[in-house]
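Order of writing sets the labels: A, B, C, D and E. Residues in every chain begin at 1.
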Amino acid sequence: MSPRTNDSANLDLETREKPYLDSNELIINMGPQHPATHGVLRVILKLDGEKVLGTECVIGYLHRGVEKIAENRTYTMFNPYVDRMDYVAAVSNGLGYCEAVEKLMNVEAPARAKYIRVILTELNRIASHQLWLGTHALDIGAMTPLFYTFRDREEILKIFEKYCGARLTTHAFRIGGCQYETYAGFEKDVKNFLSFVAPKIDEYETLLTTNRIWLERTKNVGVISAADAIALGVTGPVLRASGVKWDLRKAQPYAAYSEFDFEIPIGTNGDTYDRYLVRMAEIRQSLRIIEQAVNGIPEGPIMAKVPKVIKPPVGEIYHSIEAPKGELGYFIVSDGSTQPYRLRVRPPSFVNLQALDVMVRGLLVADVVAVIGTLDIVLGEVDR
Amino acid sequence: MNPGMNSAFNSGMAPVATPFFFYMLSGLAIVGGLLVITRRNAVHSALALIVTLLAVAGLYLMLYAPFVAGVQIIVYAGGIMVLFLFVIMLVNIERSSKERRFNRMWPVGLAAACALMALFVSAFVKGRALFPDRMMSLPESSNTQQIATMLYGEAGRMGQYTFAFEIASLLLLVAILGAVIMTKKKI
Amino acid sequence: MPNFVMSYLGSTVTPGEAGNQFWALIYVLIIFTGVSVAVIAMNWIERKALAHFQVRLGPMRVGPHGLLQPFADALKLMLKEDIIPAAADQFVFWVAPLIGLLAAFTVYTVIPFGPSQAVSDMNIGILFMLGVSSLGVLGIVVAGWASNSHYPLIGALRSSAQMVSYEVAMGLAVVSAVLMTSMNEKGTGTLSMIGIVQAQQQQGVWFIFKFFPLGFIAFVIFSIAMIAETNRAPFDMAEAESELTAGYHTEYSGLRWSLFMLAEYAAMIAVSSIAVTLWLGGWMRPFANLLHAPAWDFIFSLFPGLTFGSLAAIAFVGVTRMPAHSFFKIQRIGLAVFAALLGFIALLLLAIAIVGRSADASLAARFNEGIDYVYWFVLKVAVFMYLFIWYRATWPRYRFDQLMRIGWKVLLPISLGVLVVTAIVGVIVS
Amino acid sequence: MAEEVKSPAPPPPPEGEKKPAAEKPAAAAAPVAPAKPAAPAGPVPVPWTSPLVEKYRSQYGSGLDAQTYLGQNYLTVDRSLIPDILRLLRDEEQFDYCVDITAVHYPKREKQFDVLWILYSFPRNERVRVKTQIADGASIPSSVPIWPTANWLEREVYDMFGIKFDGHPDLKRILLPDGWKGHPLRKDYGILQQDQEWVQINLGIESGQ
Amino acid sequence: MAEITTLHYLVVAAALFVLGVIGVLTRRNVVVVLMSIELILNAVNLNLVAFSRMWGNLHGQVFSIFITVDAAAEAAVGLGILIAFFRNTETINVDEIDLLKW
């Protein structure tokens, strides 16, 4: 048992007229140490047999106080911390943060920097989706995709490593642009990766997309309607799978996204299978974006003129990007000093996780696992 | 005793019904039965009952009734006892382990059972001569076929127990329906 | 040599039937050792095969190509602390794995590896097998209950419901095969395992091809139900690690946990043996009726030796492909020794096949015959074992309600239908 | 861009926080048009004029103030108008997606907290921030009935700042343990500070640092 | 050791029968009572099979199969009643199940 004391799960369940067979109504504690909760999520499940009557998420086991740290670090010093939130998509976090501060300072990164950012962020999106696919499939019981996706994700991490020296928490971008010029052969590597990974995506799909068991396990499981999704603030592939064609890369383009031609894949039913299809389609769209970006990457500086000491003017800004998990927003209040007066992160996983309860009611325990997987949460981001 | 029967027995299979196996199996059966009625924990009782059932199945084998032994294992040990364990788990309430094991009328019940036992003892002592010393042999290898013939008949002729067998299947159907209706929350 | 040793050798019935306790005991020991070795080998093969399905190498460090890994695992499990949770029911917790193990191993008494290569030939053989293998569920239920913990309890309830449900479809599929044994002049069927294979021999067809596609459907039903019976993927609800951590054996550790594993693998081999016996002609070699000239017999009797020979060849190729670094010296030697061992066995088998090719009653001929029977039986079972691994690598896991739905609403009606149609066709044909 | 006169209502951050460092660049920035991105002074907020603002200003008058900063619009609303404005924004103006709810602490101000709602409208593809000021210890109506997503967001604000939301279905700590004392994102809560007692009791160690 | 006669089996069956009766009459737990009934039925089965052996025909064995069927039906219905009862009264003790309706 964890030291946290809120065991009295406040589950607003319909009260029964009679005291019921107590062994049939079960409160199960899933996590924080559980193979399927993707980290240290703890879900208290109230079950009737195997049917879920209600859930309560207990989070915060990975709370590191990122927002408090931000108030005590300079803008530059805080940059690496954002990588530790969604550690699966560290590049996206860094992009959002750098762009938010740039916007606050009213500077703009040079075109070449923007292109490098797009390439790396999209590569990171593919890596994030691959990791999601592997773990999600493992949750549903298919072991093999995990190894396939990790094999291919490795190629992305190799590119990251060659570019900035780090594989996971990359800290690839700086406020005002990029720290590093692309290494010699970067474009070739990326192009090689593109031609390498496209058949691999087909490989995953061969294993899963028409697999009967996969269909049975994911179709009509964890359905969330578009209206519910919007009301619950769900974003990213989860929202798009419900049929809302909304992607910040199109709706409010940032970086260089307005220059690329890509589509927003959407689903129709809002079930786990649609979310799977949407993410697979997103991987392909990302490949398209990367291809365009790497072919059209302009020459020029990679760093805007920013002062050594970053001191944004007094004011506040909200900037958000389309992270692999959804809308990742930074709300920064500056008092004109070198440190943010207040920095708020709008974490997509945190808000998406809230939809879990709506999605799993009336389903079975096995579906809870599938739905947690399909939400694609990273506890580092949920707890911050 | 008919001598012809004896010779049939002797010329048949090798004797499996050695006294050692008989005493071992019947000892297991009786000890298991004792444990069934004395254990506080219902799961322990169930396990003891399984031991008894398997021992009785062994006794059936010794009595050249392999089909009945197979049915005993497959139906009792594999089916009914799993059902019992299932139900014990469903109604597993903690307090039952702290309460009295026996009901308030247990002396009366025990007395009645003892009277029954006395009856049995007297019957066996008095009627000892009724039972032949040697048992007849049954053809083991065609046991299943013969039972099947009695149950279903053969070649266009109805068996002796076909009707009873149909009734038994009806009974089972009714039991299934009854159990489903009884246990379902909402019908 | 004492008479009781020699007395059985000339006989063509099982030691149980011949009433020969000595040979029965020897057979029991051989089968026990053989199954244990098979489980160990299966452990290694599963890990290696699964690894290669999943683009990785699998165990490579303990022994050449991880050949000694199962032994290292076994040693580790034996030395590992055996934890009994404080709130568990001590006695039941202790006895549960033994029930499963006992059930899994008792089945082997009636499995016919050959016409006389079985411990006993019960005339209710198949009934006995179904009954005893259904006892395995007791071990699981009781283990889940005794752990006194939620996940094991749910796992136990799931797997008991699952096994009881699939037993029904399984039993009906088996009955349709048993029905096929009675398609002879006298119309006498049999429940004896050996009798079933002999019926296939007499009718000159494996029951999987009999009344095509009826036998095939029954076989497919059985091979689906047997995966569910043994709690393997994609029906491994009971130990679905992503949902119930480890299901009924969550609280088990060390030796007791390994007993569960042993029981699971032994049960896998056992149900595969049933399938092989009922539908795939048991110990019969392929085309036994088509190609029945003595020359063909001789060619087919070379197969065991050739199989071991090719295994030895593979191992030798492995030796040559090992890195030349001195670090691998011991591994190379070890693999070479292993290959040599396999090669020796291959030569021995070939020698026996050549010496014993005359169909007389000499010891070598009988030995050759016995090796053939066991070889074909084990080969067929091995195919099933490989399929088990393949399924596990390919498929996601079914959900519990879907599994029950398949069991009750798909397999049960189909198997009933197959049974009825088989009976009708049988009556029409005879 | 700020080529007009200085907006009547100065942006809240400098108002609440009377830091010299903050005051000086803001004052210096006002007359100069900040054309250069690298200039130390950024743009200043300008009044935000749109039909939406006009409509609500005529309805609520002085309780409402609308501004634009760097192209991002925000409404500064009196605390008493909060539930009405939020509901109207959702129902009439199609701000159907509540992006975030958060707060900022200004310990030196009389009304210590700014509470913010960041809203987005899918049909209009437009963001707006709604901002209000409340005093320490005061509570604010919950917006869970308006947007269900506010549930956890408000819990987090409560957890981090101690701002109470009236009518919230389950207002309790979310990221920190239930028995924790203190609200860490307040400015008076040091970065190394922790609930020593809780750590000792629950984790069995002297200090978590 | 002496040869095993029918009487030996009958004695075993009688012992099991009496044990079952004791269980039925004295235990409180309904599940155990039902198990005791299974004991009684088994004792009867054993008698029947022993007699079948004694007379050299199979009627006893057929009857014992019918009794097994009966036992299965009884277990299913009995346990079904038990579950329905437990759901309403939260008890599985015979001496607390003393109302005809609840």
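FYI, a contact is a pair of C-beta atoms (placed from the backbone, for glycine too) under 8 Å apart; a residue touches a chain by one contact, two chains touch by 3 or more.
These numbers were taken from a predicted model, which means no experiment stands behind them.
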Interface ranked first by C-beta contact pairs: B-E
Most distant chain from chain C by Cα centroid: D
Inter-centroid spacing, chain E versus chain D (mean Cα positions, whole Å): 74
Computed distance of Cα centres, chain D from chain A, in Å: 25
Centroid spacing, where centroids are CA-atom means, of chain B and chain C in whole angstrom: 31
Distance between the centres, which are taken as Cα means, of chain E and chain B, whole angstrom: 8
Per-residue overlap in chain E, given as positions that touch at least 2 other chains: 83, 86-87, 90
Residue numbers on chain D that touch chain A, as the complex places them: 11, 13-14, 17, 19, 21-22, 24-26, 29, 34, 37-38, 40-45, 69-70, 72, 96-100, 102, 104-105, 116, 118, 122, 125, 127, 129, 147-149, 151-153, 156, 160, 169-170, 172-179, 184-185, 187, 189, 191, 202-203
For the chain C and chain A complex, residues of the former touching the latter: 50, 53-56, 150-151, 154, 233-234, 236, 240-245, 392-402
Interfacial residue positions of chain E with respect to chain B in the complex: 1-12, 14-29, 31-32, 34-36, 38-39, 42, 45-46, 49-50, 52-56, 58-59, 61-62, 64-66, 68-77, 79-84, 86-87, 90, 92-95
Complex contacts: residues of chain B adjacent to chain E: 5, 17, 19-20, 22-23, 26, 29-30, 33-34, 36-37, 42, 45-46, 49, 52-53, 56, 59-60, 62-65, 67-68, 71-72, 75-76, 79-80, 83-84, 87-88, 90-91, 93, 96, 99-106, 108-110, 112-113, 116-117, 120, 124, 128, 131-138, 143, 146-147, 150-151, 160-161, 164-165, 168, 171-172, 174-176, 178-183, 185
Sites on chain C touched by chain B in the complex: 19, 89, 91-92, 95, 122-124, 127-128, 130-132, 134-135, 137-138, 141-142, 144-146, 153, 156-157, 160-161, 164, 167, 188-189, 191
